[in-house]
Structures are given as C-alpha cells and as structure tokens.
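The following pair of complexes shares a single chain, subunit A, combined with subunit B in the former and subunit C in the latter.
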Partner chain A sequence: MGEMPTPLAIPLRGIAANPVGFAKAVPGSASTVLEVRGFEVRLGEHGVAIVTDVSFDVAAGEVLGLVGESGSGKTTIALGLLGHSRRGLAIAAGEVRLNGVDLLSIPARQLRNLRGARVAYVPQDPSAALNPALRIGIQLREALSSHQIEARAIEARLADILGEARLEANVLRRYPHQLSGGQQQRVALAMAFSCRPSLIVLDEPTTGLDVTTQRHVLDSVRSLCCLYDVAAVYVSHDLAVVDGLATTVAVMYAGQLIELGPTAEVFSRPGHPYTRSLLDAVPSPERAHVLQGIPGQPPPPGRRPQGCSFSTRCPWVIERCRMEAPTTQSVGNQQVRCHRASELRGSMERKMLVPTVRPVTSKASLLSVEALDAFYGDSQVLFGVDLTVDTDRCLAVVGESGSGKTTLARCIAGLHSNWKGKLRFDGQELARSARQRPSVALRRIQYIFQNPYTSLNPRHTVEQIVSQQLRQFFEIKAHERAERTRAALESVSLNERYLDLFPDELSGGERQRVAIARALVVEPEMLICDEVTSALDVSVQAVIIEMLRSLQQERHLTMIFITHNLALVRSIGQDIIVLRDGRVVDRGPSEAVLDHSDEAYTRQLMADVPRVEL
Partner chain B sequence: MLSRVLGGGWVLLAMAFAATTLGVAVGSAAGIYAAYVRGRIDGLVMRTVDVLLAFPQIIFALLLVSLVGPKLWLIVLAVGISHLPQVARVLRSATLDLSERDFIKVLELQGMRTHRIITKELLPNLVSPLMVEIGIRLTYSIIIISGLSFLGFGPQPPAANWGTMINTNRVAIVANPWGVVVPALLIALLTIGTNTFTDAVARVTIGLERRTEEAALLESAPT
Partner chain C sequence: MVVVTGRLTAKRPHPIAQLLWRRAALGVATLLVVATIVFLATEVLPGNAAYAILGHTASRARVIALEHQLHLNRGIFDQYWIWLTGLLSGRLGDSLANGMPVWGQVEPRLVNSAFLVLVSGAIGTVLGVGLGALAALRKDSFFDHASSVVFLGVAALPTFVVAIALIILLSTLVFHLLPAVSMISPGTYAWSQPRLMVLPVTTLVLIIVPYMQRMTRAAMVEALESDYVEMARLKGLSERRVVLVHALPNAVGPTIQVIGLVFLYLAGGIVVVETVFDFPGIGQGLVNAVADRDLPVIQIIVLILAAFYVVINILTDVIALLATPRRRIAR
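What follows is the complex of A and B.
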C-alpha cells in the first residue's frame, strides 16, 4: 500500500468535450475513423492500472505511430482497439469508437463480426500468426469467406490484394515456412487488408526484419493505407520507422500518453523530456553522436510515483514534478503531459558528437581469419572470408540475416566447428572447436550473446553467474573472487544490490550488463558482441553501446561487433566489413565505407536504414 | 487386522519408493546425458529405451517374477526398470530444449567439463520435470506393486500386503466387505496422496526460489 494507482489526470468528460484537434492539423483528413476516449486497462477489474487515460483520434488515411519503451503499454492499447485484453487484464473504462460504434460496449458476437472486417490486426511475429499446416491460399480465402463475401468476389479480391502487397500469385500454393520473413509479413498485411477494414492495427510488424525487407514492408503499409483510406495505428519502439510512416505520433510512457502531435513537429521540437530522451537514444546513420541512454527503468504498474511518472528519470525535473501529476496541455499542435512543456519545447538540444580522436595504434593485428569456409551440414554458409582485426580497434561486421555474420562470430569463438581455413589469434593458430582450445585461449576471447534472456542461467544468482567464470579460469581464493566479481559488476554500473538477484528479477538491459560483466571479469583481450542490443529498447541500447565504447577504450579491448544496424556502426565501429550471402563484399574504415562506398550493396543498405529526419 | 493393514502399507510404500528412486535416477541420468551429448550415445540410449518400451510394463514384471520367484528386490527392480523408458524420454526432451540455450554455450566456451555442466547447470533447471516424474512414477509403482501382489506375485503370506489382502478376502466379499474395501481404499488414498504431495513439492521448488513478475505485480496491488 502507500502507493496509489496513477490518478486520472483529466476528467474523462473534459477531454471528450474538448478533443484538442491534432487530427485537424492534418490537411484534408475529413472523417475521423477511430476515437479513443479515457481508455483504461487494469489488472483485473479493480486492480493496478496498467494503462490510464488514453485519448486520441485517427482519421481515414492517417497513420498514428504509437511509440514507447517496452512495458509502456503500447501493445495493451493496440489490443484494446480490437476490444480485446490479454488474460488477467481487463478494460476498466473508456470508449473505443470505430465509425461511431463503441467497440467496448457492443455484445461479443457483434464485436467478433467487426474484427477482421472493420478492424484488422497485424501481429509482430507473422511466423507465429500464420497456421503452419495450411497453404497461404487457404488462409487468405478463409479470412475473406468468414466475412460473407461471395465465392466469385473472393478470387477477384485475392488477385487484387496480392498485387497490392507485392506478392507473387504462387505464394498461394505455399506453406508459411516456405516464405521469407518479409513475405510472411506481407501475407499478414494482405490478410489484414483483404476485407477492406476501416481501421488497421499494426503491432511492431517489422521488428526482426532486415532493413531492406523492413523498407519494403513499410512501403506496402504506406501504399495500402493510402489506397484504401484506412486509418492505421502503428505500434513500434523504433522512432525512425515511425518517422517515415506516421502522420501523427503518440508517445507512451508508464501507461500514459505523454505526447501527441504531428510527427514532424514532435520529432523536431519535442515538448516532453521523455520524447527528447528517446530521440537522443536513436543512433543516426549520418553522424556519429554520443547515444544518450535514459538511466533507470520505467516504473512498473503499481509502483508509479505520485507526481509525473517520468520524474524519477527526467533530466529536467523540478520540485513540482514530484508532487503533482501533470495534466495534458496544448503547446502548438502538440499535446504534452508535462508541467514545463511550453518552456522546454524545442529547447532540449544536447546532442554530442563522438570524439573523432581515436587511439591510433600500431597496426598489429590481434586476430586474422584466412579463407574461412563454414558449413551447416552440406550447405556452405561462408565463402573464403578473410579479415584481420587490429589490436584495440572495433571491427563491425554488418549484414542482413542469413549473411553468415553470426556463423563467422561462432567460428571465431569456437562454437561452430564445421569450418575450413585458418584462424590466428595473437600469432597462434586456433583449433576448430572451443573444446580443443587451451584454457588460456578461451579466456582471452570472450563472447557476448544476442539474447540476454537465454544467456544467463535462470537458476543462478548474478554473483554465481559472474564468479563462475573466475572459478573456471583462475585458481584464486574465494574473497578475491568476490572482490573481482564486485569490480566487474561495478564497471557495468551494477552495484552490490544485484549480487543476490536472479536473472528474471532483472530487466533486459541489466541482464545484458551482467553478461558483459561476466565476459570482462576474466580480463579478455577480445570481445565478440553478437547483436548484443537487438533484443533491447533504443534507450537501453544507447546505454549498452556507450558502455561498450568506453570499456573498449579504457581497457584496450579489441572488439568484433556484429550487427544488422548500420546506424549503430557509426557510433561504435572503427572498421567495418559488409557480408552478403557468406562473402565479404565491402570493407574499410567505417566512415569511408558508410559515407562513400563504391559498393552498390552497401549504399543500398545505407539507403534502407530508417532514420529520424531532424 | 489393523496391524496387518498398517504393516502391509509400510512394505508397499517402501517398495514403491525404492522402485521409483531406481527408475527415476537411472532414467533421468540416461535421458539428460543422451540429450546433452547427442550423437551416437543419444542414438544408443534412445533405441534401448524404445526396446524397453516395447514390453508392456506389467507383463514384463510378471515375466521376471515368474522366472526367478517372488523376491521383493526383484519386484522393485522389475518395476524400476519398467519406469526407465518414460522417464528417460521426458527428461531427454526437457534437456534438449535447455541445452540449446546460450548460457550452456557460455560454459562450453569456458571449457567446463560435461559432467559439471550437467550436474551444476542443467540439473537445477530440471527440478520441476523431475518432481513431476517422481510423482507420477511413485503412484504407478504403488499401483503396479499392489497389482502384482493381488495376482500373487508380491510378498508371500504370511507377510501382510494390501494387494494380497484384497485377493484373499475377495472370496468373502459378501460376508465381510471391509476386508476388500479397506485395502482398496487405502491404495487409492495413497496414490492420490502421493500425487498431490509431489505436485505441491514441485510448485514450491519453482515458486519459492524466485517471485515471478506477476506475483510481484499482484503483491503491489492496492487491495
């Protein structure tokens, strides 16, 4: 007790009577399709508030981008727009009016008829949403026929929709697993658009896709929405994606809408410190700037502070923020839930460029790879890869999924042993698999995995996880082990409080920091980072990247940084190689490669990176 | 009469525990090892398991006992062996999923020995399937052992036993129904009891160690 659920800052009537018109700001948007008023979701009917007081409009042909960190309530709202709530949660108050009909108050049967027909949903993971046992054609026809469309009309509609989603007619005969991730997502889009809904809800549909595929899917979304005058709500944690797509953006924090307005204005002159912080965390493919992470975590439901929910992390916090929850105020075309909105809007610039002075070291190479061919069973995934990594430098390995970048990292680390070629580390040849390598070699090369949710043993405490590594490599006394464990955790800004916690008591970013501490505690010379931030929010990604960069410089680490995100390379990589279908197609110092490469593929990748236009 | 009932129960329980311990220990060791090491050893273990599975449990036990004679240790052994295949299969699939996780890869990169990875890292994560298996196998053991003794292959008279009691008293079921009903009820009660008990143990081992996020959420909820 002692904590109260976040009070409704605005009386529901108040906002309903006065829908400050951001929708009006979009020229030509005649009809409002979706009206959400005072939407509220709780844990159980009267439990803790998960999402409170959310109100917005979306007009036909307009895309609303709903952004925020994980846990901010984005998906809860997205599902609420279909009149649905996840198990254990309940929609406690509010209205979701679709063309004037309140989805939350109509009977279940009627709601079921509306879903799919009038309001459609595109889930995050299409491979999980498509039935693996049925051909695509059957699934698409099913979607149409369940909404009383005549058989003859179905075939015609099917042909239309395939063309619009840029799919070949032969996908109809295929099964979901025979399609690529991008194709699957376009099938999901086709399915959603097939009944000509008036509202479509897209829940992070491009997460997990490559930049190029992502761009194609986004293009499809944009043109489909435009073509059919559909109102769309696009949920994403990626501000750059939203920037290219959405006309309006709504920023969520701790279950509340904290800023709402036309995308261009919100991104160029954000009125809420949280929006500013999110923008500062987004890596830019053009300029290397210091990524500003947001320290701390969003308060979980039930632990939200008395005043402004962002006050605990806000750099612009004043006394009033802690005492009194801010109400929504209009600043220009934006609606901002911040006491200082009018004073702060557009004046929170604090971007710093990465110091370009980098340690120029002797060009001694620490690791060299010669003519590496790697195989999975009979199929070859790497073809004659050559590369060298110089001491104290960070080599970024970039490529789309399936390009073999992770396989390359695993070969170097000794996790994948089916390869031919030569690996030399500090002059000595490395055996194929980790099992055959001497303990010293294992200690000197440390590997950090992509997914911090699987790389820590859930049954061990943080202390056990980190000190285990010491036990394996050093014969030292228990107290020294404890000492070094503590020091390693300190270097990744985790204090003693974390020693006795289990991994599932930590957030994703904290877990990844534990994984980094585990690697650092044995004082390696080389760190292999395999997509270490791809499972994390941008704000957390920024913290991890900055941490890795400073650790690399302080400790003179040589690093291999694997990523699909070219924008990140700018912030951390010094050299770069680009992999395509298992071959190195481009290499060089990162600025040179990113800015003026002769290689068409690299330029294409750069062009496809979504970016925030400022 | 009461002392015979209680004494019979004691023997049955002890035998069931012994058979379960044997079956689960050997079965899970084989299953976990096979799943982690993979390759030829995995094939060998799993084919052996398939062969064992081909024998019907009760018939197999009957066969052994009728060959050698109704020795207590033999019954325990027969029942224990009949548990092996199922236990091995369940634990193997649980381990397969687990050993693909990255935290196991981390340990391989440290050069940790196989047996240490299995005992120190995999086993703590397998507590819940293990507890469930123990529960199921214990109840099965009770049923099979009392079934065997009902058929006359259990501990021989004059030693008391619930299964044997049902068998000898069933002739007089009309005159004295309690002679059959009481031991039968006791067997049922014991079976249900062990099951709920091990279920509870499994829940506690999962739940008490760490609070789940949901529990934390609910706890912080104002009531």
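What follows is the complex of A and C.
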C-alpha cells in the first residue's frame, strides 16, 4: 500500500464561482471525508476479480470524477462506497472509510443508519430508481424520517431542499412518471442531499438527458455540493461532463484505476495512453476534427491479460507492457499506472485531423418537407416544418428532448402517420405511412434507431437480422444474399465471426454497427440516424460517427442526423436545422450556424454542450 | 347517474370510471351472447326433452301435452323470446325434472358453492401469496428450491387425482379422520357442517396454491431486483420498509390478476370437486341437470357462472388499475 495516493487538495474548478465552496477547499484546509484503500470486488467471494486495488481520497468540498467506459467497474465502485454490491458480486477486500469509519466492517444496522444520512447515492436512471407506485412526497419524506429527523423539521427541510433543487412544491403530490427526465433527476438529487450527507455518490446522473437538461442538473449538482461542502464522487463515461465539475479525476480501465490527478493537469497532460485516447474521442463543439475512437474492447473480467490490461489496444505499447503489469507511479501531481508514464506524460499529443468533406457537386434536393404539422392524439408536436435535404449532404437536426426531432424523422420514414403537409422524395410525394408506400420507396429511406439494445431482434442472429432486409427488397439467390450480407457487415468492420452471434453477445457499439449494416445492405439513398450514439460510450460514439461519415462520403448517402449534442454536428453535419418546441428556429450550413448564429436559442444550446477545456 | 357522467365527460373521464363503464357495458353484452349460446346449445342437443322427462315408454299423447306445456312445439325464435323475457323479468320457470321452481332448487346450491369458493379462495390466496412472497425474499434458499419442487409437482396433478388422493389418505385407506363424502343435509347450509367442508376445501386449496405461489414469487422477485428497491436500500431504509412499502405495492398489480384467474378457475374446479365429494353445490347441480336434461336449470347455472366470470374480470382490472398509478394517472 506504499504507493497510495496522498489526499489531493486542489482548488476547485468549476465550483470556484461560489466563494464559500472555494474557501473551504483551499489547499491544506481540506479535511478528508472519504478514504478508499485497496478496494476489491469479485464475482462471488473468491471468483473472478471485477475491480482490484482501487485507492483514492476525497476531501470535503471536493468533487472526484470517476471516468471510464462501460464495464470498467465505475458503478461497482460507486455502489461500494455505500458498502453495497449487486447480486452475485462480493466486496472481497479493502476499506471504505467515511470520516474514519470503515463502511465495509461495521454491522449492517450501523451501515443502514449511515446510508442516506452520511453517504447518499444519486442513481443513473431516476425513472427506474424512483418507485413508480409511490408519490414523490412519500419518497422524499421517508429519506428524512428514516434517519431520525423529527416530523416538524421534515416539512421545513423539504421546502428547503425543493428550492435548492429548483423543484416546485407540487411535485410532492406527483408520481414519478408524471415528471420529465430532468425533474426526476432533480428529485433524486433533492433526496440525496436532504439529510445533508458528507459524501454523495453520483452514478452517471445525466446520461440519457439532453445537453440543456444535463447542464441544468450539473449546475444543481455543483451548487448543492458547494452549499453543503460535501465530498462528491461523480461517475461518468464522458470526460467533458467531468471537466466542468470535478477537481480531481480518476480514470478507470478494466477494473483498475489507471490515472488519478487534478483534473486540469490530467486533461492537459495525461500520463496514461488510455486517458489520452478517451480525450481524443470527445467531440468538440468549437472545431471539427476526426474523432479518434479506441479500437477493440476492454478485456472482460477473467480474461484480462497478464501484463497491462490496456496493452491490447494501446498505440504506445512496448514489450514490457505485455509481460509485466504496471504499478502506480507518481508523475507530477498525477498517479499513473503505466510503465512509460514519465516518458509519455504530456507528449502523446496526436495531430487532430480535420475531416475532409467532399465539395458539393449537386445542389439537387433529395427530400423536401413542406409545412409539416404532426400530432400525437390531440396535441400538436410539429408546427409547419419546412426543410430540404440536398443529395449527398448530411443534415443535422438538433433540439432538446421534446422538441419534435424524432417525430420529424418518424414522419419522414413513415413510422408516424398522424401528420399534415407534404413530403417529397426524389420528386415523388411520399404517402403518409410506411404501409402505404411502395416497396422501392421503403428501401431508399432507411432508419437507424437510437437504442441498439432494443432495435435488434434478440432471437435472430446477426446474419438473419441483416439478410432479412435483402429478402424483403430483392429477389436474389441465397449465395448472393450471403455475399451481400457479408459485404455489408464488412463495411462496418464486423468480420464473418459475427454472422452467427445473437445481439446479446455483442457490445453496444457492435450492435449499433449491425443496425447500420442492416440499413446499408439494401443500398438506400437516404439514411435517417436518430440519436444513434446517445446510448453509447464516448469512445464508441467516436467509432460510430467516423464510420457513418466515411460511409456517407464513399457511398454518396444523403443523411439526416438527429442529435441533441451540437458537438457531434461539428463532426458530421454539413447543414443544420434547430428545432424548438416543434418549430424550426434556426437553419443553415453547420459551420455558419454553430459559429455565429443570430439566434439566441442556438447560442444557448452551444453554451450547454459540455466540453473539455484545455 | 346521467348528471354524474355529464360532469365527468365535461373534463376528462376518470380512467376508472371510464373502465367501469366500458367493462359493464361489455359485460352485459357478453352475458346476452352467453345466454343466446346456452339457449341454442341446449336446444340443439339431440333427443327430445319431453321424451327424456317422461321416458321412452310414455304415450304419444302425453309427450305432445308436455311439449305444449314447455312450448317445445313453437318455433325456435318464439321459444327463445319466451325464455329471454322470462329470464329478464325474473320468471325462471320450473325444473323439468321435478316441476319445482328453478330458483328454489338453484339458490341453496349457489350459496353452498359460493361458500366453498370463497373459503378455498381466501385460504389459497393467503397461503399462495404468503409463500410466494416468502420464497422471493429468500430467493435461492433451500426453502425456495424445496417449495418450487413440491408446488410444481402438485400443480401437475389434475383436480380429481388430488381429491381422490386426499380421500384415500384421510378418510378411507390410511387414516379415517374425515368423511369421504360431503353430503350436506338438505335444508341446511354448508357452514353448519364444517367437518364436511375440510376435504373439498383442501383439494381446491392444493390446486390453486402452487399457481399463486409461483406467480407471486415471480412478481415479487421482479420488484425486489428493481432499481427502486436498490435505491430504497441505499437510502438506508429498514428492510421491513423496503419490502412492505417499496416492493410489495409493485407486486400487487400482477398478483391481483393471478388472484382473479384463480377465482375463475375455482368456478370451473368446483364442478369436479363437488362431483367427487357429492357436495350439493351448483357444480354438482349442473352435472345432475345435464344428466336429467333439465334445460332451465342448466341454462340458469351456466348464466350464473358466466356472470361470475364477467364480474371477477371487471374487479381484477379495477383493482390492478388502482394499484398501478402509471396506468391510472395520465402524465
């Protein structure tokens, strides 16, 4: 345990706006709230290690960002900080000391009294973590009443906490399903802060929220952490989110902490190749660059290599990395688990490639939408939307959740049929619903769904999923079908091994690639991508975006790319329209709109995008 | 009534009021269809009711006289109309077997059967839900696995096998603790002779408990493994509160559906059980009436069973809706 990091005391970034929070976190005066030492989680008591040798400290008023791809063990650690492990897992070793008390060795009853009161948890998906059968008021009050807070004090505390989380008092009488995603997450925040804990663990609380809501939730997190001077651990796969919030960042890979240090330093001079790779995958709202995905996948528990677990994907790998597992070493203020840390730190800058965009050859429009009004039952969700998509171009459709962007895409694809107006595709008018459209029109417009976990039939193999499309649209022989299926999978870098796999044997990124292959195999002219990366890790998102861009260029595809993240538009969109409450509020070539729009709303959306500031 | 609905529709009909209205209307329609089918089915049965009553040795004249009395000489639509109007005005007619008013014959049987169904259903629900919840709380324990094996075994047995096995075990070959038949004395109701109720009730309980136990366990396991239960634990709530306040209400919806299904099953199950134990309920009444070609009795019993199905279905839907705010309250 000799190489354990010392408690890091760094002035707060991001929180610095609040003088109170700042004052309490100046170097030297910070008191350590959480000390984690040699934390280890296994599959069962003596099974395969999921998380090993994790040690870090968090001081009062400090926010530690815990970053990594899915499967890296972030959530396992987050839950471990409350002395909890999911079914099948067991905390096998280590200490989690909260104000000096080791949560892993105290009796269950004492642990229960600390949970919620001294250490609180904010879940990833509040729509699942709030009880659907209980009103919000009950769920908030019980958090207080179960920790010996007197009935008289509860109501006053409730009023305080609702105000702090910027919630209206009437949410108390509501059920979770009656609230928006942002409100639900605020309720979860209010619940976590209600007992004034000294440590708060936030497990990807903004995943699934659009950038604007995310920013508001992050603002709430920031101000609450300041106000109560709590120590916070913020788990995320998105470095950009962590950057604006965390004083310290801890990067996880394959169940180990591979880098730990002050956020500013880690992000400007990363010491571990993995950290560098993660940073390169983050899209920037300011300038277009080719996103660098991380090829391959992290090794799953039980199949981690003997040497460095990142050695299989590392561009800077040397022979020693494969043979010998690195230990943590201090480089400057950073703790890095890499043999080459001192040599590589700050010198891994890769040249950011600017994407080459083929010059516009034709200005013919492939799709035109005129005065589109769309409805769900009685309520109108789109109001007189006009747009054209030029052949060979990628139109990005941007807006918050509820702005109608998915409805627009569904109308164009014929999946939503309750609309008025005109849709013209290649000069021909499109029928209201896909059922009424001729087969050839269906083939020419293909749709890729947001969530690859639900858009692939779990009982079909990859081959069946892709070749079924061919059966639908082409009368071709079996061997040609097999050939085209293989070719389509190859174009998304999936080899023959994948043909016989089922979706649940694939990672999220692989599933989305199968979905893309399914769309491409019928040689469409237009591809509609509906938030195709929002369910994926940033590193996987980079791979998918680059893949889509090169496919679009090679195959002369016309694309509609729907997203709430303006940074992605910079990387893939050529034209942009901004939707707000069902109306187009801004449009134009993407560079022009992103850089100097006159529309205040667009500028606001730009400001909301989390970014890595270097 | 009109005023109330007028006011409700003026805003937006309450989902429960809406459901009740729709289901009640559908239920009435269902009963009419059932009544028609029952009438037609008993009508097309081969043979002649008059012959069946009088026996094959009856003289032609007597048969014709009886046919006249029963309106059997009229056209089928006339007969249907006479029967339906009689039904709606409460004139259920007389039994063909003994000439006594139908209702007087059916009513004590109905009471006995209702008592049997209620007692078995209540005991079965308490045991089934309790054991199911217990198995879910101790998932993968010895109790969970053992109860799974035992209940799956029992669930595989047909009702009459269970009944006969109980008779062999408790009243004839092995022990002689209980009477093998449950002939309630005429003029008294079933609850006055509880000893006679034990075997029929036990049979029905054994039949329904495995089913309820499995379904409750599944619903409860799902609730206990949900994110909101994990969240409740991480909030530091007591285990008691986690189970009773957070998990249970979410398991109620699916469980209610199962309880409803079980009561529906019981309505059919009593036919077998009452026959095996000679218990004077409507199940046995139905079997006897079919043997006697006692058309009015068959018709009324089938209608009562159909009405029971309709009512139970509406009830389970309403309770399940009450237990599921997500479905009850719009966004």
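As a working rule, the second predicted complex is superposed on the first by the 579 of 614 C-alpha atoms of A that agree within 3 Å, B and C clash if a C-alpha of one lies under 4 Å from a C-alpha of the other, contacts with A are read in each partner's own complex, and residues count from 1 in each chain.
Please note the rule applied: a residue touches a chain if its C-beta (ideal position, glycine included) is under 8 Å from a C-beta of that chain, and two chains touch if they have at least 3 such contacts.
Quick caveat, the model's predicted, so the values are computed rather than measured.
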| item | value |
| --- | --- |
| Touched partner set for A:267, first subunit B, second subunit C, both or neither | neither |
| Contacts of A:125 with subunit B and subunit C, given as first, second, both or neither | second |
| Larger contact residue set on subunit A - subunit B or subunit C | B |
| First (subunit B), second (subunit C), both or neither touched by A:84 | second |
| Partner chain in contact with A:316 - subunit B first, subunit C second, else both or neither | neither |
| Partner chain in contact with A:114 - subunit B first, subunit C second, else both or neither | second |
| Which of subunit B and subunit C A:434 touches, first, second, both or neither | first |
| For the subunit A and subunit C complex, residues of the former touching the latter | 79, 82, 84, 86-87, 112-117, 120-121, 123, 125, 128-134, 138, 142-143, 146-147, 175, 177-178, 191 |
| Subunit B residues within the subunit A interface of the complex | 101-103, 105-112, 121, 124-125, 209-214, 216-218, 220-223 |
| Complex contacts: residues of subunit C adjacent to subunit A | 225-228, 230-238, 241, 245-246, 249-250, 323-326, 329, 331 |
| Contact set on subunit A toward subunit B in their complex | 1, 3-5, 43, 47-48, 88, 300-303, 413-415, 434-435, 437, 439, 442, 446-447, 449-451, 454-460, 468-469, 472-473, 502, 504-505, 518 |
